[in-house]
Amino acid sequence: MADLFMFLIISAIIFSIGSYGIITQRSGIKILMSIELMLNAANINLVAFSSFNGDASGQVFALFSIAIAAAEAAIGFAILVALFKVRDTINLDNINILRW
Amino acid sequence: MTAYISLMIAIPLIGAILAFLTKTRQQARAVALVSSGISLLISIIMLSRFDSSLAGIQLDEIHSWIPSLGITLSFGVDGIGMPLVLLSCIVIPLTVIFAWGETKEPNKFYGLILLELVGVLGVFTSLDFFVFYIFWEIVLIPMYFLISIWGGPRKDYAAIKFFIYTHIASLVMLLAIFALYFNAWQITRTPDFNMFHLLKNYSLLDGWLITNVISIKDAIFIGLLFGFIVKMPAVPFHTWLPDAHVEAPTAGSVILAALLLKMGGYGLFRVILPLLPFSDSPGKMITLMAIIGVLSILYGTFLALAQRDLKKMVAYSSISHMGYVTLGAAALVPLSVSGAMFQQFSHGLITCVLFMSCGVIQHSAGTRIIGDLGGIAKYMPKLTFVMLAGFLASLGLPGMSGFIAELLVLLNSYANLPTFVILALFGIVFTAGYHLWAMQRAVFGTFNEKLGHIHDGANYEIASMAVLVLLIIFFGLYPNPVLNMMTTTATPLVRDAAGLVGVIV
Amino acid sequence: MDIVFLIISIITIISSIMVVLSKKLVHSAVYLAGTFMGTAGLFLLLNAEFVAWAQVLVYVGAVVTLILFTIMLTRKGEEENAE
Amino acid sequence: MFSEPDSIFPALIVLLPVLAFVLTLFLGKKLPHGGAYLPIAAIAGSFIISLGVFLEIYPDKIVQQSWPWFANMNIGILIDPLAVVMLMMVTFVSLLIHIYAVGYMSHDPAKPRYFAETALFTAAMLGVVLSDNILQFFISWELVGVCSFLLIGFWYHKPSAAAAAKKAFLVTRVGDVLFLAGIVLLYVNINEIIASGRFSVASDNYLLQFSTMFEAAKLIDPTQLTYITLLFFGGAIGKSGQFPLHGWLPDAMEGPTTVSALIHAATMVTAGVYLVARTFPMFVATPATLGELYPSFFPAHVPDALLIVAYIGGFTALFAATMGLVMNDIKRVLAYSTVSQLGYMMLALGTAGAVLGAKAVGISLFHLISHAFFKALLFLCAGSVIHAVGTNDIREMGGLFKKMKITGTTMMIAALSLAGIGIPFLNIGTAGFFSKDMIIEGSFEYGEKTGDMIPYAFAVIAALLTSIYIFRLWFMAFTGKPRSERHAHESPNVMTRPLMILAILALFFGFTQVGFYGYLEKNFELMGVEMAGHEGEAPEIPVIIILLPVIVGVLGFLISYAIYYKRWLDMSKIISSSNPLYKLLLNRYYEPKIGADIIGVKLTHDVVAQSGEFVDRKIIDGLVIDNIIGKTTFSLGEAARKLQTGVVQNYASVTLLGVGLLLIVLKLVGGI
Amino acid sequence: MSYVLLAPEILLTVLALAVILIGLLVSDKSKNILGYISAAGLAASLILTIAKTGEGSFFYNAIVVDPLSQIFKIIFLVVSLIAVIASIHYFKDNRNQDEYYTLILLATVGMMVVASANDLLALFVGFELASMSTYVLAGFEKKNPASLEAALKYFIIGSLSSALMLFGMSLVYGVSGSTNISEILTYFKTAQVSGLDILAMVFLVAGFGFKMALVPFHMWAPDTYEGSPTVVSSLLAAGSKKMGFVAAFRVLVLAMVAVRADIQIVFAILAVITMTYGNVVAISQKSIKRMLAYSSIAQAGYISLAFVVMTQMSIAGGVLLALGHAFMKGGAFIAVAVVGYMVLSDNKNTKNTDDISNFAGLGKRAPITALSLFVFFLALAGIPPSAGFIGKFVLFYSVTIQAVSTASTWLLVIVIIAILNSALSIYYYARVIRYMYVLPPVGEKIHEPLPYVIAMLLAVIGTIGIGLYPEPVINMAMNAASVLGV
């Protein structure tokens, strides 16, 4: 079995990809997906630590976070849909009436 | 325990609230006059109860407030505070009378004036540093409004500049207060904001803030000094003053010059002088103060000479006159210090007359630019009379209170600060110069027909000015009622500084 | 075991890269599902079976479906891209 | 009655006119003649009290009263011979001038103000005279200055009057500041010798009393004493219009003529001389270092202060007389004459003081008083003339003697007195004859003893010029053809009576001289001050020296007679051509230009004050506060505001960038 | 272990569910009653919180009740109460009031959980509960693009921060082997510091910094405060922001212990940049809500000074300022809401209800609002006697004495910067005050709706009351700070 470090590396990579996605993407949906990636990376960490530490609380934490991430996704997409109804776009480059 | 002071502060506060709530001008000004009059009455009673031969705090009272920080509502007066209390209580009713004809939002106007009275009385009587600071800050707000509602064309700029400038100074002072408080706490391990306790423990401080550059003691000292001299104001931290004065309404200018500036001087006597002997480099600090004082005297004088606006000229003259306060305080001789205190009192009275004159002229002639006026004495004889008296008092005419103050400062400072006194003497001629020059061009000479029909000041205006002139003359001939208590207080104040004469540069 | 770990992790990483890089939203959604599945695999490797099941159920079953719906709801005309 | 220690009368001398001032000011409008009788009555009262005091204390008593005032100052009254003589002169002359003014000012609507101010003016001068300490002296002295400001600017609607008033106040103020500096220095020195235990005073309150000062003067560091006395003298220079602060005095003619009379004769200008006389023991006590240091320039053994007093006085006497020669304004001529005569008084104090000691005070004071009489007379006559012809310019007068016999006669008497005409050896002559003669003799004696004849030369030449200008004036005004359209007439009685009284005094006052000198010589002894008297016998004074003053006086008369009456010499050629000397004199040595325009306006206002204004408004306020601090903050705000682009990806970028930066900072700081 | 100590939370949770149930039952028109019910519930909860004594820990030490949690719960409840009272009028015609009040109550519960959390899990859950409720609340005006945009930005940056925070928590868990904060603290006290710890701390700082709106994690705040319904802005700025602080107090104090390195300098930099940025940018704002947002950022900068010196006094100061800020900022937003209402009643189609020009002559048009706003602004500027002054006083005081006692120049520099900032802030507050009292009014006097008035008066009483009699709250804050054991 691979050691803890490998899991941490994978998690870090996914976390970075998610960050990259948030910065570069224009579609609201893709940004949300990127956020999901980041949360997922954190979950990998939690479970990996839990497993290597032999402590169950990390897994519990991960479960909670999965649930919360799902709820968050629901809210996010709901906001996107609502916004789309009003603005007719989900391209975030154009959603900037609030600035300065 | 007597509660004169809290009563004296509370009544104008109640008056202010009532004034805000009144609907008509008549009610508002009546409330203002009555409540400030009661304060005046109380201050006179206090004066009669006050024993001029005792140096300590008298008529003190104490109420607990925030025990966890060691803050109490403690009030009391001594020779430093009592004259200024009296001055405040004299000036405010007269200002109310002077502004009897105010028509623009009179309820707010009189309310704010009463609030100013509350603020300055608090400053002059608080014995707790925290409370002192609170009153010190409260004073700013009504003045901000007085300038920005009733002010001239650039009132916004002036009001905000006044507010921010002096607020920064107060905050720096606050830092120094913190350090003092902390120091006292380290020694006694009990929280205590009592002013005298904090000041007493100053000498026990030790250490460097920036090694070999500035010690903690000096840093605290400079912080406090900064807080006070900005308020006074002293060159080079004076630039808020001309703007504020020029834009402020007459009543605002009067209060600003007569009372608010005095807060800075009060701080010098109350806080700076007890600390001075114990700072790490008293010689340097004294020199610093003396330089600031003389610089203010001369700079204010020359700048006044350059002004075309009568009111601005008077504003700069305030800077110049307040320079004597700094100089006298720096000299650390009982009589020079009491001279400086008396200068505060006297300038408070004199400057009122000057600003009121500017106000009457502005109101009547529609301009204050000296060059645009001319010969108004012809139509404003009553004003000319009191204004001339005020100007003469301001230039230090014997027989008027300003002379006694300046004389005491000059005579007694020379022993310790000879160079500075000689420099200050130079200013006297020019002081006379700008006063007379302004009078000559604005009031005397041929009447400028462009001014159209002008009329003399209203009776209530002239009356309040006349009362001030009488007071100026009274205290000029018989200064003892306030001077004695000042001298009594000043003597122990500088006792610690006796050994410093040698280190003064 | 190491090989399995390697394969799963490579799948996970590549799908996550494709989530960001692919042009079409639907493709991204599918790749996202792939990432989640891969993660679930990693969880299994870590002996966290329950978390792995939850991951599959919640993420693949709920979140990705939600995304697909959203894509559908916010589609403009015939274009699939929100570009 | 008057001189008891607790008598109220001495104080009344001052208080009566003060009371009159207040009453006249507020009630004057309702009273006839603008309330003129109030000050007249008050001053008459003062005069009577002064006279009473004099009679009681003569010959060897003084009155001293003192009360503590504020801090360590006292307020007090000192009436010694010096003071009582001054008191009588001031009250008397002032009284006459007040009476005269009832007529002179009868048409002026602002009479109450006038009489109130003159009453205060007199009171202030009496305060100067009565003071028993230098501070009170200074205070009264300043009040005198203010009153002169008010009175010179009485017709304030005239720009020239307002300007002259200001100039008078400011120029004398320069002297006042020196005086004040002297007081400061004195105060410090007295405190120092008290602190060092070498000196003690009965009470702190008596620190600045004259008697204390005189005692302390012996203990004060001599150099310091020289500074102190010279600073005092600086005050006297300002007040008495000595060179170089003489410029205000001729300009001060803008006020009503009665005011000029008051200022120039009885009060104000004499205060300077009185100051030097009052503090004379200190002047005498100064060391003679100048003579030691620069033996080739200065005579030996003359106290420095006295030397300088003598030279300034002598030079002023001559210098002012030259300008008096060419002035066309009748009052200006008299003004320069005043400056010149004050120079004589100073000269007397300096020269005679150096050789005769305390007697010099008598000599100077005698001239002061006789001058008061004839100069007041001259001014009142001038006022009468101006009243009659409505102009000040003597070129527009002429032939007035026929119409104004009384004025003409009295003015001639005054002129004779001013020129010092009299008969030597017989001791018959005008007041000026005696007084001036003593001064010139004194300066000769000084020259004899010290070998320094320059002051004497000043005095003699000035005497000649004095005679020329005053008779020029008289001839131009009263003789020749009338050059004015206006019908002149003699003034009313209320004006001519004072003229006659003054004329009598100008004629006969001189005969009191013997008693006068004797009385005043003892002045300082009575105060317990020992002064070195003059040593040895007075040198034999050659006949020619005794005759010389009269000779030059007569010579001057003859020159004027020749030029201005007989017109043997046509002056118009000289004056019309661009004679540089004439121009220089007419322009008053360019003193107004240099003093007022260049120093007063250009340098002080335009250069120093305006550059200060520039620094204040543009640099401190504009550049530092508004631009650097204010504008920078605003533009920073605007710039930072633009960072908020509204695009959420940027926000995310910033957030992540922040995380990265934090890591880097921690790496750098924490070293982890 | 008496669950009575958790009564306030339980009450609110039950109430939240009850509200949505009642909402189903009543007609659209009478949904207003829900506001009153919620307000009553919040008030009751507040009373319970204040009244209850004793401390305790629950759920395997995941939730604790101690003075620190107490004072922050009070803050959250007060802010919610104010917001709810104001909402009674603000949302009086909204058909979805049931959801609105439920969300607000849940958000409050979430914040309270954060205040009590002694476990990273509880902290995270509470955080997310509050965040998600407020995401929705921010976008509650579904027809208003600005509101939705605000919600979206809030959501995206919020989720990003959650991810960062979660990642950080996972690392903390990884190195310490526990999610319980007390245990983590014990671990860190002994363990060697590793690079992973630093990483974890930075992620946590980023996560909390988002809520606190510290620069550079603040970018969402101005947009969100501006776009959201004003009462929600009030909740966000005054309430949910403090959630970041309480979390930071609980966790980052630990971080300081953990890293032992000069993480203070990081906070010093953040604090200085934050306050300066907030104040400087606030100067040039035309929208009052945006200005208040930046002023919030600046206040966050001041409060962060507490982390810089980490003494009991400084944390007490931070808590006091947080408490004061809750009143002042909450009240200020409500006042802005009144102005919005006023402007809309002038003209239905006005877009910029919060433009500064609308405040002209407010002193005449809406005297109570103007006076309240005046009080709030002066308090925000730190003018005595007010809660803002007391907070700043204690805070600056603590930094100064630290500077003096350690002879630390840079601390002094920081406090001087703070002071200059404080003075600078007067500029923009005074600008609004000038509009209110100096400029002439542009319309008629309006009738100020009672709910707003009550809400504002509550805030005014809090602001001035603390200023006049700060003794009890200072004691509370000192107790709260003592919990952290610094």
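Letters A, B, C, D and E name the chains as they come in the text, with residue numbers starting at 1 for each one.
The working rule: a contact is a pair of C-beta atoms (placed from the backbone, for glycine too) under 8 Å apart; a residue touches a chain by one contact, two chains touch by 3 or more.
It should be emphasised that the depicted structure is a prediction, and the values quoted were computed from it without experimental measurement.
Touching chain C and chain E at once are the following chains: A. The chain with its Cα centre farthest from the Cα centre of chain A is D. When each chain is reduced to the average of its Cα atoms, C sits farthest from chain B. The chain occupying the central position, as judged from C-alpha centroids, is B. Each of A-D and B-D has its own count of C-beta contacts, and the greater count is at B-D. In terms of their C-alpha centroids, the spacing between chain C and chain D amounts to 106 Å. For this pair, chain A with chain B, the centres built from the Cα atoms lie 64 Å apart. Separating the centre of chain D from that of chain E, both taken as means of CA atoms, is a distance of 77 Å. Centre to centre, using the average C-alpha position, chain A and chain C are separated by 11 Å. Contact of a single residue of chain E with at least two other chains is seen at positions 152-153, 156, 160, 164, 222-223, 424.
Counting partner chains per residue, chain A shows two or more touched chains at residues 18, 22, 24-26, 28, 31-32, 43, 48, 50, 80, 92, 95-99. Contact between chains, as defined at the top, is found for A-C, A-D, A-E, B-D, B-E, D-E.
Here chain A touches chain D in the complex through residues 19, 22-26, 31, 92-93, 95-100, going by the rule given at the top. Residues of chain B touching chain D in their complex: 161, 236, 239, 242-243, 299, 302-303, 305-307, 335, 338-339, 375, 377-378, 392, 397-399, 403-404, 407-408, 410-412, 414-415, 418, 421-422, 425-426, 428-430, 432-433, 436-437, 439-441, 443-447, 478-480, 483, 487. Put simply, chain B touches chain E in their complex at residues 65-69, 130, 133-134, 137-138, 140-141, 144-145, 148-149, 155-156, 159-160, 163-164, 167-168, 171-172, 174-175, 178-179, 181-183, 186, 207-211, 216, 219. Chain D contributes residues 69-72, 135, 138-140, 142-143, 146, 149, 153, 156-159, 161-163, 165-166, 169-170, 173-174, 176-177, 180-181, 183-185, 187-188, 191-192, 600, 604-605, 608-610, 612-613, 616, 620-621, 625 to its touches with chain B in the complex.
Per the touch definition, chain C reaches chain A in the complex via residues 1-2, 5-6, 9, 12-13, 16-17, 19-20, 25, 28-29, 32, 35-36, 39, 42-43, 45-48, 50-51, 54-55, 58-59, 62-63, 66-67, 69-71, 73-74, 76, 81-83.
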